[in-house]
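Common to both upcoming complexes is chain A, partnered first by chain B, then by chain C.
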Partner chain A sequence: MTSLALHGVRGGLGRSALLAALGYALQGMGERVLLIDLCPSNLLGLHFNLPLDTSEGWALAEREGRPASDAVYEVLDGLCLLPFGNLPGSSRHLVPDALAWRARQAELAEQFDWVLFDLPQPLADSAVNGIETDVRVLVAEAEMASHLLLGRRPVEHYDMLLVNRYDPASRLQSDLLMVWRDLFGERLPIQVVHRDEAFLEALACKAPLGHYAPQSLACRDVQSLAVRCLTRRGP
Partner chain B sequence: MTLTPLSAYTWFTARGARLPVAWLFTLGVWLAFLFLRLESPAWQALLAERQRLYPQLSGKRPSLGDPLRLLIQSLWLLVRRQPVARTTGPGRRAWGAVRLRLRGVGQVGRHYRGLLIDALHRVPARYRASAFRHEASARLRGLSVLARRVFYSVLTVCAASLALLCVTEPFGYLAQLMFICLLLGIAMLVRHMPGRFPTLMLIVLSTIISCRYLWWRYTSTLNWNDTTDLVFGVILLAAETYSWFVLILGYIQTSWPLQRKPANLPANPQHWPTVDLLIPTYNEDLSVVRTTVLAALGLDWPRECLRIYILDDGRRDAFRAFADEAGVGYIVRPDSKHAKAGNLNHALGVTDSELIAIFDCDHVPVRSFLQMTVGWFLKDPKLALVQTPHHFFSPDPFERNLGSFRRRPNEGELFYGLIQDGNDMWNAAFFCGSCAVLRRTALESIGGFAVETVTEDAHTALRMHRQGWSSAYLSIPQAAGLATESLSAHIGQRIRWARGMVQIFRTDNPLFGRGLSLFQRVCYANAMLHFLAGLPRLIFLTAPLAFLLLHAYIIYAPALMILLYVLPHMIHASLTNSRMQGKYRQTFWGEVYETVLAWYIARPTTVALFAPKKGKFNVTAKGGLMEQAQFDWRIAQPYLWLAALNVVGLGFAVWRLFTGPTAEIGTVIVSSLWVIYNLLIIGAAVAVAAEVRQVRRAHRVQMRLPAGLVLASGHAYPCTLVDYSDGGVGLQVQQGLELKPGEQVRLLLNRGQREFAFQACVTRTVGQHVGLVFHALDQQQRIDLVHCTFARADAWLGWSEQHEVERPLRSLIDVLKLGGVGYLRLFEHMPPWLRARLRPLRTLALWLASYWPRTPRAIPSMNPVDRDA
Partner chain C sequence: MITGKADPSDRSDDIAQLRQHLDMPELNYQDISMLVGVQQALQRWPLLGESCRASSQGGLYAAVRQREGVSS
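And now, the complex of A and B:
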């Protein structure tokens, strides 16, 4: 089993959507995938057509003393989802217990090939004291804020740099990408996902990208990302 | 409507058969259903494919000759090897089952032949690994130098005397027959072995046979008693000696192509030499030069080490403005003496880099050109020249008019693919005027580019070789340009080359003079002698007429003996050339190219041979867009006269067959076969003169590149770029993507790791194929577009992948068929009164041709040339 998490240099980069599309692509290649939503905003399920008022989730199960596996939803054969759950009150700033999750990963190992974590932003910010996964992908957008924040991070800690919403017609974006290839090209492989309306429309239709627009350019880029992840698959 | 016993009659009458014919065929169909069980799945599958397998019968009105056509085509399909089809559907499998059942014996024979060919394929590897070889080489190394020399000289003397014996020993019929069968058997076995040594073996066999043939001609076939016989015989013998000479020199020249690889540059770009890139131009359009300059700006070379100059002999302001805009140099000179060579010499005086790269204004370099070529200059301080192939991305007149673009190698591929590579082995590769890099000090040592002859490029290289400089050739296409537009332009260009080469032969003969090695002399001499082929070719085209019209025995020997000597000579030459040149020129196509040029280069070369300074024969090039299909009467005129003469000769042959002495029948038949062969070759030359309509000005280059398309709505789709040109591109999109003409889109193209977006407009959509045109691109975007398309490092590398596999016999049949097609095209372009007279002849010819079996085609054509027409 291999675990993967998308870390963002900042919030609002579309990591949930990317994770959903990646999970769908991996399932399409025959892997057994489990997506775990660690964000209190509980939005990952909406990418897979979960009803809006679903309140079940691992945090709710934990609060009520049930095992977390109670809250697993099966989306497709080989694609499962564990939402956060609707917690009442102000206990939304729950920091996931890293040790507990490591133990849970071990018990999930025999049932799934891939476990994908959707990390909330404050957690994704800190490289340490967070959930340790086998594959760590750093997500950024080719714009100045990302560039500045990227400079503050230790890039050696990550396995891949994913540039989201890339538009080659924008001079700033193509120049920044060139600079990043120059700076990080040796140490960090770069994967580009193009800006595509289909990505935005997919959530509007509550479907993962690979299901909503299988012919789009963004879907092909995500499949390329999935293949690269497969090469980093653990034993 | 399917064919069943009940519907057979209506089936035939619906297709327009006359009543008695329909009755007869219906009876035939009933008998077929009764005895052959046509309702079984195997037969039904066959009937389902009948339009593809019997193309001459589909769409035709059923007539009495059809059963015979059916029979001939069925026999042909059973015997012929099928071309590879894409899918094995149930129809094909059923057909395969039927074939298998009916061809047991053929199957067994083929199986054993396959085993033999496999064994022959493994012979070189087994020899290399064998104990005999290891032992022998160990023994040889153990000998002293003197002993080895003695051994080799004894071996040489034995081989030479054996060869002399083979060549000069006169044989009777039986002995000659056995001799040629033996050598042919060896050749047929050897040609399946891969590697260079079997090629040398084939060369040796062919040389023995050809030398023997020539010896026999000189000693036994001249009739000294009769003056006419003697005169004609000597003329023919001189022509044959010329072609024998060219054959042998050609073998020497191309026996071991060097296949040089690019040399590495030092790791630090600071140590890379400075290069001046010169683009001479005179009266060409700016759009043509623009692409070249933009591609040159994208060469992978440190910017401070590369200086680009436009050398404008036309002194045009538009070019100066463009040069300023693009940031390249612009050089003019006060006069226009000595055309291109003078232009280059003037530029030599005002520039100062170590190396000079020269490009014709329409040859677009790819980004890796300098990195591939300059390495050798640093490796070898005496290297003066690195030449790369002239690659054309548009069809030349032969390919365009015969429809063979990218399916067969074109005329220039033999020279740039094999001959220059062979020259490189002997350090005799010469400058071809463009797509090359030269060393400045070498040019200065010979006083600049040569200006005395019309082909100043070869002359410059010859002078550099004489001074002791060496040259190199890299057979990787690193630039591409436009081929000649029309047949008259093509012939004009070749006349200029022929005249220039013969001028060099007269004024600066490579066989004499100092500074050249023996093999360099051989290679240069062959290059020049090649252009003297006009007169000998004309002699060959008219030789049999000497006997048929004038009853002169040009070859004074019995017909059977002639066949026993001539056929092996031709067969071995074709086999060896097919082995050595098959990838670069299909067998027998050389005859067509030579025939087309023969008349036109005969006079200039003969004049230049005797008076090098005189002679001004220039066919004015028509050039330009071919508005409609036309027949170039002016160019074809000499060949029509030759064809008419040969037809008269054929008439005489028929007369002699009926009224001449019986002893001469063999000779008459051999002569008429020769005349028919000549007629078909002339027909092929006439076919090239029928110019095909050229639809567009900007030539489309076919290539598959991954690309992306972003619509105005923000949706993006992957697609494939299938062709591009100066004006726009063609894309293949996925199924289901609908685009409307006039829609604004953005095209995403890659160049290495960078991606570019270009604003474009949809012009038309045909199924999955979409045409785009670019409107408002600024200068930088235009540069980027050229870099993504024309200037890709791998742009021209896969050009020969779509070539059909070369098979000598099939090639011969193609050329002969082309002869027939040529006469048909001639008929179509004739003035109406003549056409009316000759129509019955044409109808007769077409009726006879309808009985000829056809090979069904499995794969449709992807040629954009076909798509345009």
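And now, the complex of A and C:
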């Protein structure tokens, strides 16, 4: 089992949609995948057609003294999803317990080839989430805020830099990508995912990108990402 | 159609052969077009240039600073 998480240099980079698309792509390659939503916003399940009013999730199960495995949905053969769940308003700020998740990862090791975590964006002054994964992907967009925040990250802690929503027609974006290749290219592989309306439409249709628009440019990019991930697959 | 341009995929082999020919395995190859492109980008976008100069205390932008010196 190999665990993976997408870390954003800032929020709002489309990580949940990317993670849903990556999970779907890995499942399409014959991998057994579990997607875990650690974000209290509880949106990941919507990419896999879960009803909007679904309250079940690991956080709700935990609160009610049930095992988290109660809340696992098998959304496709070999593709399972563990939503965060919908907690009553007062307890929405639940912080995932890194130690508990480490123990759960060990339990899941035999059932899945991949466990993909959708992490909440940590506050700027707080420590990183604490969830340890085998593969750590840093996500940015080719714009200046990402550039400045990227400069504050220890890039050697990550396995890959994913440039999301890339528009090659933009002079600024192509310049930034060139500078990043120059700055980081030797230390950090860079994966580009092109800006594509299909990403937005896919969520509107409650499907992961690869299901909604298998021929789209962004879908091909995500498949490249999945192939790269396979090279890091553990036993 | 033959354009006379070298196939980029051959270029790394050319460099390897040059290193071997000169008996200089440590020869540091720099892509001049990339170097010029990066330099132009830093001039085109003031904040990008400033951010690269501002981090002169850290090692992150060392490569760019070094190259600024090369092309100026």
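Here is the rule we go by: the second predicted complex is superposed on the first by the 228 of 235 C-alpha atoms of A that agree within 3 Å, B and C clash if a C-alpha of one lies under 4 Å from a C-alpha of the other, contacts with A are read in each partner's own complex, and residues count from 1 in each chain.
Throughout what follows, contacts are C-beta pairs under 8 Å (C-beta built on N, C-alpha and C of every residue); 3 or more make two chains touch, one makes a residue touch a chain.
Everything quoted here is computed from the prediction, not taken from an experiment.
Novice: Of chain B and chain C, which one contacts the greater number of residues in chain A?
Specialist: So, of the two partners, B touches more residues of chain A.
Novice: Figure out whether A:E74 sits in contact with chain B (first) or chain C (second), or with both, or with neither.
Specialist: neither
Novice: Kindly classify A:Q215 by the partners it touches after superposition: chain B alone (first), chain C alone (second), both, or neither?
Specialist: first
Novice: Once chain A of both complexes is superposed, is A:D97 in touch with chain B (first), chain C (second), both, or neither?
Specialist: Once the two structures are laid over each other on A, A:D97 reaches no partner at all.
Novice: Is A:A198 touching the first partner chain B, the second partner chain C, both, or neither of them?
Specialist: In the superposition, A:A198 touches chain B alone.
Novice: Check the residue A:L183 against both partner chains and state whether it touches chain B (first), chain C (second), both, or neither.
Specialist: second
Novice: Per the contact definition in the header, classify A:P168: touching chain B only (first), chain C only (second), both, or neither.
Specialist: After superposing on A, A:P168 lies in contact with chain B but is clear of chain C.
Novice: Share the list of chain A residues that count as touching for chain B in one structure and for chain C in the other.
Specialist: 178, 181
Novice: In the complex, go through chain B and note every residue touching chain A.
Specialist: 708, 710, 713-718, 734, 736-737, 746, 748, 753-757
Novice: How about chain C: which of its residues touch chain A in the complex?
Specialist: It comes out as residues 34, 37-38, 41-42, 44-45, 47-48, 51-52, 55, 58, 60-61, 63-64, 67.
Novice: Write out the stretch or stretches of chain A touching chain B in their complex.
Specialist: 167-169, 174, 178, 181, 192, 194-198, 213, 215-218, 220
Novice: So in the complex, the part of chain A that touches chain C is made up of which residues?
Specialist: Those residues of chain A that touch chain C are 144, 147-148, 151, 171-172, 175-176, 178-179, 181-183.
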